[in-house]
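Starting off with a structure, shown below.
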Amino acid sequence: MATSGDKLPKMQYRFLGRSGLQVSVISLGGWVTYGGSVGDEIAHECMKAAYDAGINFFDCAEGYAEGKSEISMGQAIKKYGWKRNDLVISTKIYWGNAFGDNPVNNGGLSRKHVIEGTEASLKRLQLDYVDLLYAHRPDRNTPIEETVRAFNYLINSGKALYWGTSEWNAEEIAMAWACAERLNLIGPVMEQPQYNMLERDKVERQFALLYENYGLGLTIFSPLKTGILTGKYDEGIPEDSRIATATEGFTTSQRESYGNEQWQQNLAQVKKLKPLAERLGTDRATLALAWVIKNPRVSSAITGASKVEQIAKSVKALDLLPLLDEKVMAEIDELLGNKPTVPYRRL
Amino acid sequence: MATSGDKLPKMQYRFLGRSGLQVSVISLGGWVTYGGSVGDEIAHECMKAAYDAGINFFDCAEGYAEGKSEISMGQAIKKYGWKRNDLVISTKIYWGNAFGDNPVNNGGLSRKHVIEGTEASLKRLQLDYVDLLYAHRPDRNTPIEETVRAFNYLINSGKALYWGTSEWNAEEIAMAWACAERLNLIGPVMEQPQYNMLERDKVERQFALLYENYGLGLTIFSPLKTGILTGKYDEGIPEDSRIATATEGFTTSQRESYGNEQWQQNLAQVKKLKPLAERLGTDRATLALAWVIKNPRVSSAITGASKVEQIAKSVKALDLLPLLDEKVMAEIDELLGNKPTVPYRRL
Amino acid sequence: MATSGDKLPKMQYRFLGRSGLQVSVISLGGWVTYGGSVGDEIAHECMKAAYDAGINFFDCAEGYAEGKSEISMGQAIKKYGWKRNDLVISTKIYWGNAFGDNPVNNGGLSRKHVIEGTEASLKRLQLDYVDLLYAHRPDRNTPIEETVRAFNYLINSGKALYWGTSEWNAEEIAMAWACAERLNLIGPVMEQPQYNMLERDKVERQFALLYENYGLGLTIFSPLKTGILTGKYDEGIPEDSRIATATEGFTTSQRESYGNEQWQQNLAQVKKLKPLAERLGTDRATLALAWVIKNPRVSSAITGASKVEQIAKSVKALDLLPLLDEKVMAEIDELLGNKPTVPYRRL
Amino acid sequence: MATSGDKLPKMQYRFLGRSGLQVSVISLGGWVTYGGSVGDEIAHECMKAAYDAGINFFDCAEGYAEGKSEISMGQAIKKYGWKRNDLVISTKIYWGNAFGDNPVNNGGLSRKHVIEGTEASLKRLQLDYVDLLYAHRPDRNTPIEETVRAFNYLINSGKALYWGTSEWNAEEIAMAWACAERLNLIGPVMEQPQYNMLERDKVERQFALLYENYGLGLTIFSPLKTGILTGKYDEGIPEDSRIATATEGFTTSQRESYGNEQWQQNLAQVKKLKPLAERLGTDRATLALAWVIKNPRVSSAITGASKVEQIAKSVKALDLLPLLDEKVMAEIDELLGNKPTVPYRRL
């Protein structure tokens, strides 16, 4: 297995679902600066290392670190003088009310917030447009038509090139498409779900008809399930880990879930993967990332990095892809024991 | 019952009909500066008190005080440095020809006036866009398609986020929706009718199908029927009241109606409410406002204020809401004797 | 009959067909500066007199005086500080290739010329938009869809409020409407034909279905058929008349037509009107103009003026309207002997 | 036959397919500066000579000479002060990834590249819009709807007046039209194929239904099949010819094809034309160009010029047109022996 001094494998690019846009199969997410745990300098160096490794897709959201994630990412883009057309920049609208004084109308998917939120994001990013604009959650209080129209308004205004969803379920995405088709508008091109060896059902079963009918693309997050798949919690939670130290955010809820039945079951699954990883000459983190990318429905796997070296480690997962043949993949399915029972047509 | 020194109840917010926009259930209307009866300083202080009480919706119109109402409201927004996304600002187009030299093409709902009028309003308000743009009356001389297209043009130009109507009847609103649906355009999201204990038919009966079919939202005006519901005219018209002193505007026509059969009947209804209000530990003004808000179809009740203290008084109506249970509401219906006979499905 | 020192009658306004736009029934056309026969100073004074008389509609075209007519009209608007919303300004696109070096693509109704021509017109007029934008002739070399889309593009860009046609025939207008309806676009609101006592067939018979189906409005030109209806050619062509002196333009073709059968027949019709005009206490010019306006399908009659006094004379035709009762109108029909035989529903 | 000192024939203009746009039947292509083989000075002089000869259509592409062709053309337009409305300027989007550091998303017909590429082209051309915007190749990786929408976005943004395709096949063009019609969008107005005496099948047979159904216009390239039709390769490839010296581009592949069966067959066809050309008092180059223009489906034949004199020689092909009567055309068909067997309705 490659070590950090080695030459990195050549980056691979995939079309984002049925669209004509190409994204690197490994991408970098801006949420890592959350809570100031990663300073601007290191964040910028990570982005630079990612860019140099061929990563072209940088993922962000208005809700990450109360907008500071966008500011940091925008500064890096300016600082390194990257050409706009070489980058695929995203942001997501919904969680604008997670910070600031007044939550009313500053979140969700109303026309007001989708437009005002996007314009605020573009200002923070110092950009004229984003490539990908996500609805960060479904909003049951806003009619889908209002949301579909608002995203199309932004595309028609030149402020976004494509729009999609994040953590919507299959029916909601299908309803957005039905609405867009009825009004001759543009439908959501991509969805951003959680996907990893331990969370397979949505991507591998629930979305099957969306791939067939709308060519839905996937930019997935949490390929390592915030670390559990690396094996670092095999023997309990280390004192310096994010789960142990985080004072806010979803790792808190993870800490609470520590020890519960699901957690124990996941730990057991992860431990079973260890011998296989060693046999393939790699570790479980790399195996888990490569396994996600192996699914051709995944256009890009969004990784995090709080140290520059993590970029190289992630990219090297590409070296493992050729080893994940049918036999190995079947072996993994058996070890995990969670393959969705209703098959979908994997490409 | 709370007195003016008390802590104000927490403001409540409702979605504007089926839309994803949230408005405070109590809002402030700019028409009070009409005729210069309320100067800028007091108007601004009232807006400040309203904002501090959680009111986010400020209602205006090109026709209020010959455009001066918009100017005053715009100055307050600038002066207090409120964030645009925290506010829901409206204006209404139709009565532009009520002032100025040349009435031709400066009023009504022609494409020319809707566009020119809105741009003039935005200049007076010093804003790039309003949240809500109303057609202030139906215009029988302009095809509904021309009006629907003009409002959609303004939405597509980013100058308004939502459009609606004011004092249109049910058929006119339905025709606007039919036109919008035929052309794949955006229909009117809200209507602004008069609604109070003495004027119930439109809101409680005539609009029933519009709620069902188009999710029509309501921002109602005149919750106190310009004062009669407060009981202040019980013993005749006081010499210093607006009805007695106004030299122009609709209070003049009210003065003319003073003493007529309808007026006498209304006075009788209002008097009957007095004992009930006392039993609930409140006055009739507060009861009337709370009663209006009790109707879930009402997204916001627009109140006026010519003194800062009136804001607190209005907001305290929220404290009364829990007391308006089914039994009390039935009692009110009986006292008023004007419940529409064809029921509609109250939520 | 009123003389030029009298007080002018109050201007009347009509809706432009089914639209919500109001135009003065008498309007002023900019073509009078054609060939430099009327200098800027007089043209501006005529516009001032017209404006003061309540005329709000000023008609122009890119082809009038090689664009100089638009320049002159734009200067007057600026000079007198008229408010944009008080004016209805038109221009017409088609004849851009009548002047300049290169006729290719500088005329007709291609997308290229409609857009480039309108932008050049707006520059000459010093305006951001015109109220009315006409296709000055049909263009059989350009698909109607291309033209309909180009005019809608300009309306969507805020450069025109309404579009219409000039000298199109009924089928062409109907085809433009069919195309607009198929594509959910805006159809032509008005047509500008020749209409006067001697040219009745188009307006009174051919367009009948267009009024019914599309609410077509009319802004008519040549109410006096370039002078013949005034009676000034009764005894031959005066040496100083425009027909005698013009070196270019359509008066040249008129001079050629002088003496032909049609001309003689028209002269005979015009002479028959003299006693009637005298009986009504007016002259034939005033009678002819009033007669045109009497037709409610005519939204505005475009008049010319090369002297300031002509404005007053035209406006005074309004005084004659009440005298044109059913009996007098029937008498005129009999004298002219040219009433279209297939009746249409005159309002 | 005319020599270069003679007066040039009057340029002819044709409508671009069914559209209302007129292009000179002979036009000038910017690709000649490719690889620096033609410097700016000569390129500008060629454009000047072309303009003076009545050529109004100048054809370019983002992919020509890595963008330098657009820069050079833009400089010439500025330098000579030509009026924008007198010019028909094109560019083509697709080959943006043929140069520069990062090919990902910088080519093809994704929404991202169509928009970003066109904006970069306009900057290089120093223009606000192009008249004609081509999809330079079909892109099988991008849904046709995404491409159709992106070109319509640019038309609606005022950055292009018409869009079309280059080297698409008949089914692809028909699918773009089907998509445009379904969405009420604008379809591709023109196609730019290779067309000459040796390549006839696409234009004369495959596209037949596209002319009938969509009024497809043609701007053809390679009327001399990069020189072979001039006869200059009759006796082998001269040492100083482009085929012999080019180090990159499609002439390299031609060099490889030199001597193969197809090449030998073409040479034989070209040799047969020599006596006919002499009988008509011309050479084969002129005959080949005139023959292409003779086809009324060809709106414009794009020629190249690396010397100013070549412009005059091309334009003089117009003198030959009257001699290409039915009998001569039939004789050519017989000599070439490649007339498509399934006839299409030649106008």
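Order of writing sets the labels: A, B, C and D. Residues in every chain begin at 1.
The rule is short, and it goes like this: contacts are C-beta pairs under 8 Å (C-beta built on N, C-alpha and C of every residue); 3 or more make two chains touch, one makes a residue touch a chain.
To keep track of the chains, here are their UniProt names: A, B, C, D = NADP-dependent oxidoreductase domain-containing protein.
All values derive from a computational prediction rather than experimental measurement.
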*So which chains are sitting against chain C and chain D at once?*
none
*Among the other chains, which touch chain A and chain D together?*
none
*Please decide if copies chain A and chain B contact each other with the same set of residue positions, more than half shared, or with different positions, and reply same or different.*
different
*Just grab the chain with the largest centre-to-centre distance to chain B, centres being mean Cα coordinates.*
D
*Taking each chain's centre as its mean C-alpha position, how far apart are chain B and chain D in Å?*
64
_Distance from the mean Cα position of chain C to that of chain B, given in whole angstrom_ = 45
*Two or more other chains in contact with one residue: find those residues in chain C.*
156, 184
*asked:* Going by the touch definition at the top, which pairs of chains touch each other?
replied: A-B, A-D, B-C, C-D
*asked:* Give the list of chain C residues in touch with chain B in this complex.
replied: 13, 15, 18-22, 24, 56, 83-86, 88, 131, 155-156, 158, 161-162, 184, 186, 215
*chain C to chain D touching residues, read off their complex*: 101-102, 104-106, 108-113, 115-117, 120, 139, 141-143, 146-147, 149, 153, 156-157, 183-184
